[in-house]
Structures are given as structure tokens and as C-alpha cells.
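Please go over the structures that come below.
The following pair of complexes shares a single chain, chain A, combined with chain B in the former and chain C in the latter.
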Partner chain A sequence: MPRKPWSDNVRAYALNAPAIIVISLLVAYPIGYSFWVSLHRDNLKQPLAKRFIGLDNYLSLFHDDAFLASLRVSALFVLVVLAFTVVLAMTLALVLNETFRGRGLLLSLALLPWAMPGVVNGLMWRTVFDAKTGALNGLLTQLGLVDGYQAWLTSGTGAFFFTAMAQVWNTLPFSVIILLAGLATIPSELYDAAKVDRAGVLRRFGQVTMPWLTHPLLIVLILETMNAFRAFDTIYVLTGGGPGSATTTIALLDVRTVLTYTDFGLGSAYAWVITLITLVVSIGYIALLYRRGNFEV
Partner chain B sequence: MTTVPLRYRVPWKKIVVYVLAVLFALYLVLPFYWIVAMSFMPEADAVSVPPQWIPEHPTLANYLGFVDPSDAQALVGSRAIEETPYSLLNSLVVAASTALLNLVLATFAAYSFSRIRFRGSQLLLVLYLITRMVPGIAIIIPFYLLMREFHLLDTYLALILSYTTFALPITIWILKDFFRSVPRELEDAARVDRCGWFRTMWSVFLPVAAPGLVAAAVFSFMTAWNEFMFALFLTSTRAAKTIPVVAANFATDFNTQYTVMAAAGVLAVLPPLLLALVFQRKLVAGMAAGSVKG
Partner chain C sequence: MNAFTRREALKLAGLGVSASFLAACGEGGGGSGDGTVRFEGWDYEAQLVQQNLDRFARLNKDIRVSYTPITSAQYVQKVVAEFTGDAGPDALYVYDDSLAGWVEAGYLQPLDGLAGVADVYDSIYPSNAETMTYKGKRYGLPYYTDSQCLIYNAEILGKAGFTTPPKSLDELTRQALKIKNDGLLEYPIGMTAQLSDTWWAWVWGLVFASGGEMFADDHTPVLKSKDPTTKNVFAWLRDAANKSKVLDPASLQLLPVPLDNAMMAGQYAFTIGARYALRTYNDPAKSKVAGRMKLALVPGLEDESKGTVSNTRMYGLSANTQVKDKAVKLLTYLGGYDRDKVPYTAKFWFMQRGLGFTFTDLAKDPDVVAALKKFADPVVYQELAETAHARNVLDVPWYTEFETEMHKVVQQVLTDQATPEAAVASLDKTAGDLKKKYS
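Right after this comes the complex of A and B.
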């Protein structure tokens, strides 16, 4: 009995209904509501002052020093994390793409940071970077690379750099896996042909590997940008945003505004700025997937 | 003149690969090794200079302290210590429930994408993907207000609901790929035998798709287990605090002993780590499938 197409549609949407209901109730509705909250002066500590103020929360952002500083910190954080992640992930993926003894072990080890909750990652690096007892100090001193223990996290620049390094360690595996999957799609004949042409290692990398990796690499760039942009767990535990505001990213500022200052209105405005920036990045991501025809259903 | 003499060539490539492999292995393992080692040390050894790379007086005291705090630990009075066992249990319940709920919801949706041609299917897939891109911070405030309204703050349900929405889109994406690889003939045969749709799903389709279901369940379990920000907002007592929240309490408490904090950290990382190692292949395939398809 041939089925009518419309009944297929009904069936498909009936199957999707539970997921759609849950997602719209718990994502779409809150996002809309969050915008509504952002149009109000709404601080739990001043319940009587609650009122509609239109776009005032947003307009105040332009001369909100804490907000502007956190945007700068976030942007720089994304850049530093991205640079280190891409170089390290590319190198590790190329190594894992070779055949050698212990490759399986190295791949398993690479999953270790991925499995680690951000909070544990933060407290782990705290013990490593500790000024008086840390493993990094111990190691570098024993190797004779530094004379005496250093307080890595007390200067703004130091704290920022080492927080970025902790974040890189945590998110590296994800990029490695994506790049490795990309490398696996390169036909080996291409390398053979390049070898016949006596192309050196660098030429083979530039002219055979890279063109095949542009797509996975872009995906890594986009997803890691989003990851680093909303980084919270590791930083919260490692530095708490300090010293001063050296590691106060926009996510940290937002959580502090809401949890500590209980300013729901301004916090929602921050959240909307974060959402808009993320949205722009994710549109790039989806457009990219589309161009590659990844959406054939 | 025209022949190239055969000579021994230094296998530079092999050397480079092995050196890099060893360096990366150390980079990946050493930081974790350090907190594992610390978690088995008495506090005095953990703060020694130079550091003890191998615990000289190995002890289980840091772990046993969670169940039965010593006098010294009770005196320092870190609430985090006594909350640790509860939070582990909370995390387990929340993560397992999330995985289960996700699987049920995602199975229906993913099946539609793998078996039915319908209008708007591409758009719907993209919409799912977009919700995954929404930063948690964007929905946390209204979510908090909503949960307060329904008196769900500090309960499992609030956490399970929020983690389900995080994990659902990616679960659907993973499952739809797995489901497509299940041969249609199986269902056709079952239909010939006059099995209803639910019967067919339950006794024919799902058993064949089991590997995909396991991968998806592991993914959502790990998402729920590792999540921190929502748990920070939504929980406040041992009734629902999850292990990341308690672990963060250790870090923000100035009295904390590093050894006890390390032990809590190790306990928090063990379940996701074991899952990652056991299901390595499936997870790697799932991660790759979620973002690239060649």
C-alpha cells in the first residue's frame, strides 16, 4: 500500500514532537524571556526598584568599563587559546596519523583531557602552577631552567597566559580528533604521487595535506573559538578572574554580576551580547557545513 | 654518474615521530599524574620542596576522609569534605537520568531523520544544531527564575532537564548517522511478520542500533557529569550539589588541603575517564561524525 506523502510528514513531526517541545520549553522560551529581563532594572537586592527601562542596560554597556575590559580579555583569550590549540592539535594529529609502536596508547592518552571536567582541570592546574609547592616550579627548578620558585599566577600577564594554557590542555583532544578524521580521508595515492615527484616533506604538507584539511581546520577554528569565548569552569577555579580583572572573561563577569551582585537585568544584557557574538560565529559554521553538502538527509 | 649509490639513510622521520610522541605523552599525562600522586600523599609530603614525584609515604587517608573525616579534617571544617560522597551520588543519579531521558527523546527524532523523507527535515536538523550553539549563560538566568517559580531549585529534576536540553541536539545528530547504517530490510521483514511499529522498533531495530545508542548515552552522561555553571546556579545544598560544584568549593576555600582537593578531583574524573577509555572507538567516531564527514 503506497503511503501518501503528507502522512509521512505527520509521522515525522510526531516523532520529533517530544524533542521539539522539550527544546522550545527549555531553550527557546528562556532565551526570549532573557531578552525581556534584559529590558528591566531587575536586581534581587532592590526588589522595589524593578521596572521597565527599555534598552538602557544595553546602552550602558558602551561606557561600562568592566564590560569593555572583559570583552578585551575574552578576545585575547580566544586568540591565544586558538593559536596554541591549532599548532599543538595539528602536530599531534600528524603524529597520530603515522604508524608507530604505542600509537593506540597515545590516542587513549589524548582522550584524558577531554574526559576531564573543566572544574577538575582548573584545580589540577592550580596545584601544578602553585607558587610554593607546584609541580611546574619543581620540574623547572630540577631541570635548572629557573632559579628558584616563581609565582606564575600573581602577575596579570602570567595569570592570563597560564590560564590560557590550562584551557588549551583541556580542549586539545577535540581538535585533534577532528583533524585526525580529516587526515584519514586523504587518499594515500596522493602522497605516493608526490613522493614520485620527489616533493619534500614540507611541500607534501603544503600541497597535499593542507588543501584536504582546510575544512576540518575551519571547523576546529570555529568550534574552539566558541569554546574559548565562553570558557568559564577552568578560569573560575584557577584564578577566579584575578588578579584584578586580568582573567575576567565576559562569562565570568556575567556570572559574577548575577550570582554576586544579583543584577539580573544587566546580567541578561551581557548574556545577550554573548549570544549574539556566538550566533555570528555559529552561522559561519553552519554555512560551512552546508557548502560541503553535509546536510543531505 | 647516473646511479644513486645505496647508502644507509638516517630515519629522520621515525625519530621525529617518536620524539614528538613521547613529548606529547608526557604533556598529556604529567599534570594528571601530579594530582593522582598528590591524592595519595600526606599533606606534609605534598608541599615539600623539591616535590616528591613518587609518594614516599603513600596513604589512603585523603580518600577515607570523605567517609570518615579525621579530627584534623573535622577541625578545619571544610563542608566540601563531607559533601563529597553525597555529590558523587547526586552526579551519578543526574547523569544517568539525563542519559536515559535523552536516549528516549533522541531515538524518536533520529529515527524520523533516518527513515522518513519529510518537508523541513533539513531545516529542523539545522535548528537542532543551532540550539546546541546557544551558550548556556544565555539561558541560565531565565532558567533559574523558572525553576524558582516551580520550586525546583536544588533538585535533581532541574539539573536533569537542563542537561537534557544541552545533550539532546548532539544526541540526535549522532543517532541519525548510526540509524542510517541499520539495513531497512530488517524492518521490512518484521513488518511482513505483522509486527507493529513499536514492536519492530523494540525487538528488531533498537537491538541492531545498540552500539549507536551506547555511544549517545555515554556522550550525554559525560555532558551531564562534567557540567558546572548550571549546577552552580541551581543547587545549594548536599541534596543536589554535583561533584564539580563541590570540587570548586575546595578550590575557593582557603583552608583546603591540596591533597584532599586532589583526591576529590581524581574521584570526579574517574567515571568520565573510564567511560572514555572503554568506549574510545565509538566516542572518537561520534565526535568526528558530529562535525566532519570527509
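Right after this comes the complex of A and C.
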């Protein structure tokens, strides 16, 4: 008797089953487990004190000075990184969208930082910002802009700014690629028509380019917000979170809480708050920009 | 001949993945499954460690050791991650800072009753034995110990007209100011003050040298209420960094290795560091200032130094090791006596790199004495060992969190973002909150 053929639904599930199983094991289970851990008092230094405490870890965050301070640092870090990334990426993408000699080389150079791991990026910038032998000091001294070598990372403001710049340098290429891809989809006829209508450069940018870049920009905003909010390796290498708490972001505090203090319960709660905040911000972006174009999900 | 179909290839690939997965699942609990002793340590002189382990392998042909050096900055995190994943090593380095936490976490097992352990504990400095003991049980065999000292460049001091090192912090400021005003160095004092996961020994050293304590023996913080020493040391630090400007602001960007390089390049006249650093600083092959670097007692707030701080690094035994006998043999080789009743590895490290020894008898060993004279004054070296004591909060589970907070607070003092009063008040509150949290 011939075997009854599988329906499309069954076949689809069967074919996807291996991937679903792997994703469930490697992604869904750890995520779910981390939430379960966040509901416990779970510090490896006190295994006997481990117990279910419900939402206490989350409630304790409202009067957790270290958490609140790191949240402020992270929020400011995201704003600064995002502002610089969007402006610089847009500028670079507009330049690279033009046809000129050496464009390929410039494009390759612009993409280079993206290939650099965060730790290496941190180490490189630490060398550049070094107070004794740093290239930045050498350059500024030779240009006569500073009298002597400066310790750039020793003031709270300086450390914060330079750390943010190091992060921008590392993540900028991704945004450039997204925006460049968006620019490539804009029909040239629109610009021709705008020129016939005597629209200037700024007007063409505002009336033609920007509306077409709404969706690529949305992707850039969402992903760069997530990146900046979760920034860890560059900051860890560059300043360790200092001076004081000036560059202690929520991600840095989280890693320290889990791996140095071995407080897995509280650390997991931090991680979920990070997830929740990035989710809310992402929804905010979509709500804001969705209506401004024919965005399709 | 049968064709090797795509279906068969997929089956084989699936088998391979399954086998790897099952093999990985079965690897937990320490040991590699073939009787090899898995040994891990931070990456200080990994080649020398391997050289010493090769000797162990020649002496113990039935024991195979797999050694993994882990970068120092990540050591604690990586070991915690491994033990959490039930894949910890059989034997490992342990910081005294981590001991209490790792015992409480169930990573380590006590060594009491094992052959030779009691002999070792009877032969080492009491402060080291005490540091390796937690709740009455012995958990470590000694790797090395060291005390903090003032390290100074005698040539620079000589150029400024000084023939002896400073005995107090005020004198240190005066000498540093003279060096600065004479145009010899812009910032004569350098410290390691970048945030990291290792302890800031020099802060504890300055407090102990001034006769103070941060905690009472019952772990109650006294730095705000009863003992003003820490506050006064912080005041000196703030002034040195911001008023007299003799302490390099770049210290906030300095980790231990860059500081060593700066010292060996003659960029600083003073620092506070471990005694063994002198071995490298005075090595002509590595240092431009070899032969000019000296050690002295850590200056304090009073005219005479009241002591210094010591640390103990040890070898520990995993609680879940499947190769206990072999691992114990390795531990004994590394941290105990050999058949000739010589603490071979402790002596090896001193001779090779000047790492301080915990075995009191080694101080009289002719080889050790001769080697010591090449890089340090034996009298001062010994005095530092005798006046040093350990931090009395190492056995609380919240020590690491307090230490991390202290780093931030000291950075705020150095950058004049916090007054000494506010700094000690903040630390006092931190200690109180941590005690409550862990109670």
C-alpha cells in the first residue's frame, strides 16, 4: 500500500525540525534558563543560600546605586555613539555612493574596522591614547595643539568620550554598508526630476534621499542601539569601567557581577533588563519610523 | 562498488555530531577521561611553568599533565565559568582573594590529612599558612608569597641629592618634589591604578605601613569610624596627584606590565610594588636602569614604617577531580617538599624570577642568599617579610566586591572627584551593604 504523502505543513516542520531543535537547545533554553536563574538568589560563593526569591532581584534594582549609575552611563553612551554613528555613517555613505577614482579603495578601508574584534579594537585605541607613547599625543604635540603629553583617559569626561569614539570606529562600517545599500536603491530619475524642479542639494537630500533611507536608518538605529547598549569588550580593555564609574556601562556591570562576583541571580536580572530596554527602544523606533514609509515586515 | 550517497553522508555527519556531543557531555567533573591531570594557572611565565612540569613528567612517568595557561586578567572569570560548566581543572592556581569564595562554591577540596601537607604548613610563615586556611581547613600548597615595598631609582635620587630613600609619605613628597623641580622627572611617582580584576596591593601597603587597618578582625569596617589611617592615606594620595602633582595622572591608565616597562625605562623614580619586581628591574638584559633600582620599607604617615601587606598564591585541588592521587602528587611537587626535603619548585621560582618563598628555611639557603644579593638588599627584603601581614577580610565572600569598589573610590580620590572623607564614607557604606547582602 503506498505511503500517504505528508502534507505541506508536516513536511515543513519535518524539514525544519533539526534547526528548531538546535536553536531550542542552544538559544531558547539558555535564554529561558537565565530568566529562571534571575528569579533566584544564586551566588556561587554561597551555594547553600540558593533559593527562589521571585522578582526580588528585579525589585532590588530600584535602589541599586551601581545599577542606576551604570544605566545612566549606558543611556548617555548609547546617545553619543548613536549620534556620531548616524551622522558619520550617513556622510560616508553619501560620499561612497558617488562615482570617483579610488572609491573601491576607500570602501575597503572604511570596512576595515568592522573586521576587528572588540578586544583588539580596545587594545589598539589604548595604544593610541597612551599617556606616554600614544600616537594621539604625538600627533597633537607635533601639530602644536598641546604643550605636552596628556593622560586622555584619566578624566571622567575624557574617558567617556574617547571610549565612545572607539566604539563608533568599530561599528561604523556596518551602518555605512546598510545606508549605502539603501542609497543604491533610490532611482536616479527622482534626483533628475528634483533637479528639473530646481531643488537644491539640501532639498534633494531632505525630499528624496531621506524618505528612501527611512528603513535602512531604522535598521541602523535598532542594531546600533543594541550594540552600544551591550558594549563591553572595547570599554573593558580601554578603561575597565573607570575612572571611578565614568565608563561602567550596564553590560560591564553585568559581566563583572556574574563572572567576578559570581552572582548569577542578580547578573541574570541585569541581562534581562538590558534585553527589555533594547526591546522597548526598538519598538519605539519602529513605531516612530514605520509610518514614514512603506515598511514591510 | 556502492556509491557514497548524499543520504549516507548526512547519516555519517549526524553520527559525528552526536558522538562529539555525547563526548562533550561526558567530560564534566574534571579530568580528561584518560587519566591526564588537567592543570591550569594564570599565564605568568608559562614557558617556565611548562619547563618545570616537564621535569615532573620525567620524574613521574606514569602521570601525564595537561597544562593550560590562562591570561591573568581573565583567570578568575574563566575558572569560574569552567567550574560552573562542570569542566574545571584537577589542579589549579588560586589567588588568596578567591579562596573563600571558591571553597564556598564547592570548587576546591581540603588537603588536610594528605601526605606532606602538615609538614609544609609547619615550615612556612604563619601568615601564609593562615591565608591558605579557611574555616579551619587547609586548601592550598604555596606557590609564592610576596610583600609590597617601596621601589626607587637610586640614581635619580642621587642626582636630586638624596642618599637614602624616604621613610614617611611626607618625605616621599619632599623628595619627589625636589626631583620634579630639578627637572629630572615631571612625575616621579607611578602606580598601577587602572581598573582591573587584580587587587591593588599598594593601597593596602600604604595603609598597613601607616599602622592602620580597614577592618577589625570580625570584618567590621573601621576605616570611617575608628581608624582614620585610610582617610589620611587617601588625603596624601589626593595631594600627591592634584596638589604637589608628583604622582603621575597617567597612573589611571597603567596596568602592571606597562608600569614595569616605565620603571625599567627610568620614567619614574618611585613606585610601590612586589619585592620580586626588583629581580626584573635589575636585570641588565631587560632593564635600562639595572643595578640602580633598590627596595625600601613602604613609607607611612608616621616617621617609621609600621609594616606592609603580603599576599599568598597557592595551588589548589579540585573538589571533583577524578584523578586525585595523581593531582596530589603534582601539587606536592609544585608546592611541597621533594624527596631531598627541599621545596624544589619554590626555590626554582625564586632562582628564576625572584618570586618570594613561603618556606622559612629557604631564607638561609646559600643559593637563595647569593641570588638575592644580586637584585636586592637581603636585610630589607627579610624585614619586609617579617613585618608583612595579610588582609583580614580575605575570608569573607564579599571581599572581591569590596576590593573592586575600593579601586573606583581611589580613582575618584586621585582625580579629585571625591574627598578622602567621602571616599571612606563610601567604602564604609559599601562594606556595610555587602555584609547585609551576604548575611
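Assume the second predicted complex is superposed on the first by the 274 of 297 C-alpha atoms of A that agree within 3 Å, B and C clash if a C-alpha of one lies under 4 Å from a C-alpha of the other, contacts with A are read in each partner's own complex, and residues count from 1 in each chain.
Just so we're on the same page, a contact is a pair of C-beta atoms (placed from the backbone, for glycine too) under 8 Å apart; a residue touches a chain by one contact, two chains touch by 3 or more.
No experiment lies behind these values; they were computed from the predicted model shown.
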(request) Please work out whether A:226 is in contact with chain B alone, chain C alone, both, or neither, and reply first, second, both or neither. (result) first
(message) By the touch definition at the top of the document, which applies to A:240: first (chain B), second (chain C), both, or neither?
(response) both
(message) Output check: A:63 vs chain B and chain C. Expected answer is one of first, second, both, neither. What do you get?
(response) neither
(request) Check whether A:26 is in contact with chain B, with chain C, with both or with neither, and answer first, second, both or neither. (result) first
(message) With both complexes superposed on chain A, which partner does A:285 reach: first (chain B), second (chain C), both or neither?
(response) first
(message) Between chain B and chain C, which one contacts more residues of chain A in the superposed model?
(response) B
(request) Figure out whether A:155 sits in contact with chain B (first) or chain C (second), or with both, or with neither. (result) second
(message) Quick check for you: in the superposed arrangement, does A:259 touch first (chain B), second (chain C), both or neither?
(response) both
(message) Is A:8 touching anything from chain B or chain C once the two structures are fitted on A? First, second, both or neither.
(response) first
(request) Could you tell me if A:132 is touching chain B, chain C, both of them or neither one (first, second, both, neither)? (result) both
(request) Check chain A for residues that touch chain B in one structure and chain C in the other, and list them. (result) 126, 130, 132, 240, 255, 259, 264
(message) Show me the residue ranges of chain A that touch chain C in the complex, using the header's touch definition.
(response) 43-47, 126, 129-132, 148, 151, 153-156, 239-245, 248, 255-256, 259-262, 264
(message) If we count contacts the way the header does, which residues on chain C are in touch with chain A in the complex?
(response) 76-77, 80-81, 83-84, 100-101, 104-106, 186, 194-197, 248-250, 252-253, 262, 267, 397, 400-401, 404, 407-409, 411-412, 414-415, 417-418, 438
(message) Which residues of chain B touch chain A once you look at their complex with the stated criterion?
(response) 13-14, 17-18, 20-21, 24-25, 27-32, 34-35, 38, 46-51, 104-106, 108-109, 111-113, 116-119, 121-122, 124-126, 128-131, 133-143, 145-146, 161-162, 164-165, 168-169, 172, 222, 225-226, 228-229, 232-233, 243-245, 247-248, 250-252, 258, 261-262, 265, 268-269, 272-273, 275-277, 280, 283-284, 287-288, 291-294
(message) Quick check on the complex: what are the chain A residues that touch chain B?
(response) 8-9, 11-13, 15-16, 18-20, 22-23, 26-31, 33-34, 37, 91-92, 95, 98, 100, 102-103, 105-120, 122-128, 130, 132-135, 138-139, 141-142, 149, 169, 174, 177-178, 180-182, 185, 201, 215-216, 219, 223, 226, 230, 232-233, 236-238, 240, 251, 254-255, 258-259, 264, 267-268, 270-272, 274-275, 278-279, 281-282, 285-286, 292, 294-295, 297
